[in-house]
Amino acid sequence: MARIGVFVCHCGENISSTVDCAKVAEIASNYPGVVYSIDYKYMCSDPGQNLIKEAIQKHKLTGVVVAACSPRMHEPTFRKATAEAGLNPYLCEMANLREHCSWVHYREDTTTEKAAELVRVLVEKVKHNEELYPIKVPITKTALVIGGGIGGIQAALDIANSGHKVIMVEKNPSIGGKMAQLSETFPTLDCSQCILTPRMVEVAQHPNITLYTYAEIESVDGFIGNFKVTIRQKAKSVDHKACTGCGLCIEKCPIKKIPDEFNAGLGNRAAIYVPFPQAVPNKPVIDRNNCTYFLKGKCGLCKKVCPADAIHYEQEDELIKVDVGAIVAATGFDIKHSDFFPEYGYGKYPDVIDGLQFERLASASGPTLGVLKRPSDGKEPESIVFIACAGSRDPAKGIPYCSKICCMYTAKHAMLFKHKNHHGKATVFYMDIRAGGKMYDEFVRRAIEEDDVNYIRGRVSRIYEKNGKLIVCGVDTLLNSRPVEIEADMVVLATAAIANSDSEELAQKLHISYDPYHFFSEAHPKLRPVETNTAGIMLAGACQAPKDIPDTVSQASGTAAKVVALFSQDELTREPLIAYVNNNTCVGCFLCQSVCPYLAIEKEEIRRRDGTLVKTVAKINPGLCQGCGTCVALCRSKSIDIHGYTNRQIYAEVSALFNRREYAGV
Amino acid sequence: MSELINKVSQFFSSGIIDLFIGYKKGRLGEGKPAFFTKPEQLNELIFDENCIVNLAVYLRKPELKKYSKIGVLANFGTLRALLQLAAENQIADGQYLILTVADGKVLEFANLKAIEEYVANNLPKPNPERIAFLKEIESKSREERWEFWTRELASCIRCYACRAACPLCYCEQCLVECNQPQWVGVPPTGMGNLEWHIVRAMHLAGRCIGCGECEAACPMEIPIGFLTQKLNMAIISNFGQVPGTKLEPDYALSTFKVDDKENFIR
Amino acid sequence: MQEFEPKIVAFVCNWCTYAGADLAGTSRIKYATNVRIVRFPCTGRIDYMLILKAFQNGADGVIVSGCHPNDCHYTSGNFHARRRWIVFNELLELLGFDKRRLFFSWVSAAEGAKWANLVNEVVTEVRKLGPFTEYEKLSKINVNSIGELCNV
Amino acid sequence: MTKIGYFPGCSLNGTAKEYDLSLKAIARFADVELVELNDWNCCGATAAHSLNSTLAVALPARNLAIAERMGFDEILVPCAACYSRLAQALYEIKSDEKYRTKIPQLIEMEIKGTANPITVLDFINKYVLDKIKDKLTNKLNAKFACYYGCLLTRPEHLSTIERREDPLVMEQIVKLAGGIAIDWAFKVECCGAGLSVVRTDIVGKLCAKIVDDASSRGADAIVVACPMCHSNLDMRRSEINKNLSTDNKIPAIYITQLLGLALGIEPNKLGFDKHFVPADNFIQKLQKQTVEV
Amino acid sequence: MEYKLIKLEKIQDFINALIASGKQVLAPKQKKEKVFFSLVGSFDEIAMDYIQTAFSAKSAVFPKCEELYTFEKNGKDTILHNPPAPENDTIVFGMRPCDGAAFDYLTTFFLKENPDYHFKMRYDKTIFVGLTCSSGDEFCFCTSVGISPSDTRGSDLMLTKTENGYYMEIITEKGKKLVEQFSNFFEQTEQIDKTKYTANIQKRFDSSALKEKISGAFNWERWEETSLPCFGCGTCAFSCPTCTCFDIQDEANLVGGARYRIWDTCALGIFTKHASGHNPREKQSERWRNRILHKFLYTDEQFGTLSCVGCGRCIRNCPAELSIIEQVNAIMEG
């Protein structure tokens, strides 16, 4: 038989000002199952909580109903007090007499009646409460970092330095990401290779970090603390253990004319190549789509010349299964390339290039060794026009957002051009300059005042070629919108920063959500920017939204802190208010599976001892289920229920309401 | 009919099947369900538009477990039921040998995919009298509709023939047999009957394939088929998901669109 | 005769409407006392049979409310609930159930005022409709009745 | 014989008669009958939409209503200005409740929005090209500068052309007719349009750039698909030449005339005699060249 | 045994008079293709030309949902209320002889050993006016179970339609009292040979030969095969005039409630399901066997009479069209 204690709080006089608490306690004492019912001025105070604890022990209570403020406020407090008295905390429920009753009604009998009825609802519910114990989920203290750009590197190093194992997976033959392709970085103009390469080497040599380059994520299963990840190590056709990195094979390779992705298509590379001199690992990879051995079965020169016999054509893709506790997505971003701007002649006129191509032209390790040369005729340009917001902030083109980094790198590009060609003519067409970072605006002012870059506020309507010159037609809105036509030798478009083309596919593998532009969605834009809605998967860098290097690094360290916090306990304890399945009545129709936003419903086979299959039923993964209950209301045979809000509890609550006398057929 | 009979007896003789579920002569010219285990019984096998009992309802019976391979003579309702059962993980591909007769020719379906295509391009128009009757009910005022349905449902005796005749009501323990909590009142009072028929309609919403067997089986001649038919017409027009036409689960109540239209939420 | 005081049950989701009601409390917005709130983790957890059970137990009006679309703490609970309500609404429409007594709404955690107005609106509308005898009468139909066809 | 609604608009019976002649000629080849909307009215053009927004919708809406009553679900509107007016009216009626109620009262006709205006380029691509593909016997290997002007490619929600900033629709048609479409910089630049009457000096300046760029890149003729563009480039040529050092003789011809020539129809049947800037040396060049091959 | 005659056109006034006198008349009423017993307000609601009603009139004495008593909470204690006894009589008009035999069985079942208070309360207030069968169909087999289309067992009055009126036999005291109350509708007549007006139903099987066969039928190996088409609903049991199984259910809330007796059937799985989940009659074939043996063996052993009256309703109403006749014949063949 239930032995329930009711504790009515005055909350100073927040409740007692409009509700007769003594009367409520007295009415409650007559409810069937209630053995102890009192009212007290401050239930949540220490003496108040002691009252509850003593009552539990003295009257051997099996259920506690505290009629006070909102459970969203003090449910944890009273549940902790109940636990300390030796009663399972989940046998304590709260009736909301303050926010839902005393504060919102006047002092009348109906208010006290309502309070009494709210208490009876919870008394009936508590009779069906079960003892629940927090769920313990083990954690594998290894982190997976997807993406080897500066974001991935920073996160990996922070986690590894805190003593945990890290597995880094990079799609390209070398880590370094977009930052490696930059010449110099704003606002300090220090060379990106110099500040990045040491970090890349640190990653390669760090004892806690296992690095897989030229590898992609094949599949991700499991849940927070227990992810099962399959990595596809694409065949490099080169045994990196044997290879010494001498580069003989690269020299001898007859195929020289493959447009080099690292140099954004401006330089060429061989079929067997190392992306850039400071690559980590600094060992070549064979591009099987362009190597004649793989296309026509002939050549094989690299194998002949290799002193370490490290070339193995028969190498196959390899699937590596790893167990990790947390996943950091740091897959970076891309910039818009396609003929997105027919009016600018991008893709039609070779001298109209994008920001990354300019970086390569300006970079010492670039195809022109740092000398700016026009891709069309190789001449050094005297006049360059830089166009900001080429694609960003343009709803008609489908990219309404601001890519955040172009104002700064456009100013940097103009500066680099002026440093390399003092009497060169640099013009920048802009809408608004967004230089909000530390020392950012000063950087742009320097470009304008010291390097006299001509900033014209207006958009370029079109570019056309006329006797070898590019005529840039724009407008200067600050000189009452006078049309402006500039003859330029080269035009650099600061095209929009967009998500990687395969980001949607990766998001689906990771079961994380992404926004309409395929950037990954954070859990909460302001309060949980580094986590996603899928527990255990975090974001770092531009894969979440366009971002410059300082923001990427600070976000990466934030993400690393979250991972280390997760790994600080051996087990993950979670509120036990999750769903559970009754195997007897579940008929395995699995219509519930697609309802669960957390993919927490799995298939479980029930077999007899001799192995014959009895039936397949639904199974709730305690790690993933967040307790929303949508599957519970959907299940036709009521085979799924949810602790804390079981069918019997809610049914009892609804049945305890009103109870018209005439219903009883009298 | 003879082409069907000797095709089935071939299956028997070559040991492909050891039980064939079909129809034989019943009362008033209707076909009634019949189970054939030996070729010589097959001369009673018939199949015409009066054979309306949905044979998919028998696939869940434990007595069928001892037969290794079962052949089923499927009318259009049975085909759609098989698709919906497959979508709900109840039957596997190739578990049964499925035949139908389309304009005189015997069709054997290699797999469920073949059934999916056959169903896709043979979807029948809803029968006009039922649509007219539904229109007539909907034209009544609210009070009249309430009075019509509470009177009709009150004569329900809770024999659960509608549940037993429906191939998609395969739960081992039906909700009405759950008494902790007692969701649906067991006594056939006006209230209990209404709750039972609301639950049955909601459980078939987005699943019912419209074979009409529940209404045919009801001994009290209550037009319960219209409850599920109305819901599924609404689901098809609102969400475009047609039950019993796809192998992949496409259940209206466990999927959603961000821009689902409604006009009653404040 | 003392005015009819309708009995209203409110099924609300814990993260939005329950918190909205809390906000109405903290902002001391007064509203009618007729409503009794039942807490659910999410609108997805609200079962249509509980709405029937509430009416059967004597409620004259039922409010079902939760997070606005896209606000759901569990990302899609309210979308599934909305779709269920659309189908359930169609069924009640066909049966001629008195849907004027069933109110669906979205109330976020910041809309304390909206919650108070909703409750007041519902109470006035249901007071006009009077007690819900039409539904409650059902539980006596067929009891001790002889003959198969319902003769009431 | 497919039938399609035809809205000539004021210019095709007047200043752009050659456009009407050549359009009907190629329509006959593709056995499409252009049924003129009976009792059609002026589309309102710039005058209406700069003065009164309701009038700007009511005038073209009446034409749409007539087309609906005649049972057409597509209306060929060769003039780009008329097309933009009719398309905008349809767009307003479909999206704005206010117009859906007010307009039927104004024009005293019921309008459901089922009749869709189509441009001449859509018409050629949809109804004509497949029929005449193998009849383009008369290869015109000359250089052409395809000029679209403004209203064919603007505004965004009405234009049916892809890559609106650098369109290639006419270029494909020219290629089919055996011509070479040059790449030039003034495809979608404005020719001054309505200013042709009140500010011919501006038209002169704008068109000068267009005409100069086309001829400097070696084009034999500028191809247009809008009577307004044609009248500015052709009729205002004396004004244009005031802004150029030398007199520019490059003719402006319609896409329909170009196709007519490729089909072997004699030039005067295509209205070439009506041009201000004579196109006969261009035509002789074509004929001489066809004789040789 | 007395005999009366009531003119064809007089029957209408007799029924209307009965109704006017406040008596509840339960008579066959047409709904779509079937005929059901239902309270009628006037004679013209009654369907006269039917072979058999879809459901028997057993609900007159054993309703599908009967209130045993109601209870009410008052503070700590509970008050019980007995249901009000029906004030006026119920006349079951147009009942076939096989139903009459069924009521005879019901009285033995409910009243023989320890009389059922509620059944008795209703039975004493009910007068059964039978109507002999002028025609039967392929599903009637009353003659095979020892009943005839003109059997008067279980009826208070028995009408037989003849060319000049309804020939009525007065069988019981209750019938006699009723006739005296409305004597002006009747005329004196003498006994006639009813068989001339009643149908002859050919025998489907020999019930005595069935007796020995059925006793060993429990382990008969063909139960599964013959019961395969049954998909387990309660239609046959609920429409059977002699099925008497019932379930007790409470409907209550914190204030009070009522205890109901409702129809139940062994055809449904939950009928024998144990709380542990075990079900002694797991398969539908076992439930079907139980129903057949109950009708032809168990009641015979317990009461000495078969509890099947051959009305054929279970065959007519069965959605899967199983036939109890075919089943019995199959058992006879072995």
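We just call them A, B, C, D and E in the order they show up, numbering each chain from 1.
Following the convention adopted for this analysis, a contact is a pair of C-beta atoms (placed from the backbone, for glycine too) under 8 Å apart; a residue touches a chain by one contact, two chains touch by 3 or more.
What you see is a predicted model; the values in this text were computed from it and never measured.
Common neighbours of subunit A and subunit B (chains touching each): C, E.
Looking at subunit C and subunit D, the chains that touch each of them are A. A centroid comparison over C-alpha atoms places D as the chain most distant from subunit B.
Among the remaining chains, the Cα-based centre furthest from that of subunit C is the centre of D.
Chain pairs A-D and A-E differ in how many C-beta pairs they share in contact, with the greater number at A-E.
Subunit A and subunit C have CA centres that are 38 Å apart. If you average the Cα atoms of subunit C and of subunit E, the two centres end up 45 Å apart. For the pair subunit B and subunit E, the distance between mean C-alpha positions equals 32 Å. Centre-to-centre spacing of subunit B and subunit D amounts to 60 Å, using the average Cα coordinate of each chain. Residues of subunit C in contact with two or more other chains: 48, 53, 57, 76, 80, 84, 139-140, 142-143, 148-149. Subunit B has residues 157, 183, 185, 187-189, 220, 253-255 in contact with two or more other chains. In subunit E, the residues that touch at least two other chains are 31, 36, 54-55, 64-65, 67, 251, 253, 258, 260.
Contacts between chains, counted with the stated touch criterion, involve the pairs A-B, A-C, A-D, A-E, B-C, B-E, C-E. Contact residues on subunit A toward subunit B in their complex (touch as defined above): 584-585, 587-595, 616, 634, 636-638, 647-648, 651-652. The part of subunit E that touches subunit A in the complex is made up of residues 67, 70-72, 75, 81, 252-258, 277. Within the complex, the subunit C residues that touch subunit E are 57, 139, 142-149, 151.
If you check the complex, the residues on subunit E that touch subunit C are 24, 26, 29, 31, 36-39, 54-55, 57, 59-60, 63-67, 83, 90, 251, 253, 258, 260. Those residues of subunit B that touch subunit C in the shared complex are 137-138, 140, 142-152, 154-155, 157, 183-185, 187-191, 193-195, 198-199, 201-202, 205-206, 220, 226-227, 230-231, 234-235, 238-239, 252-258, 260, 262, 264-266.
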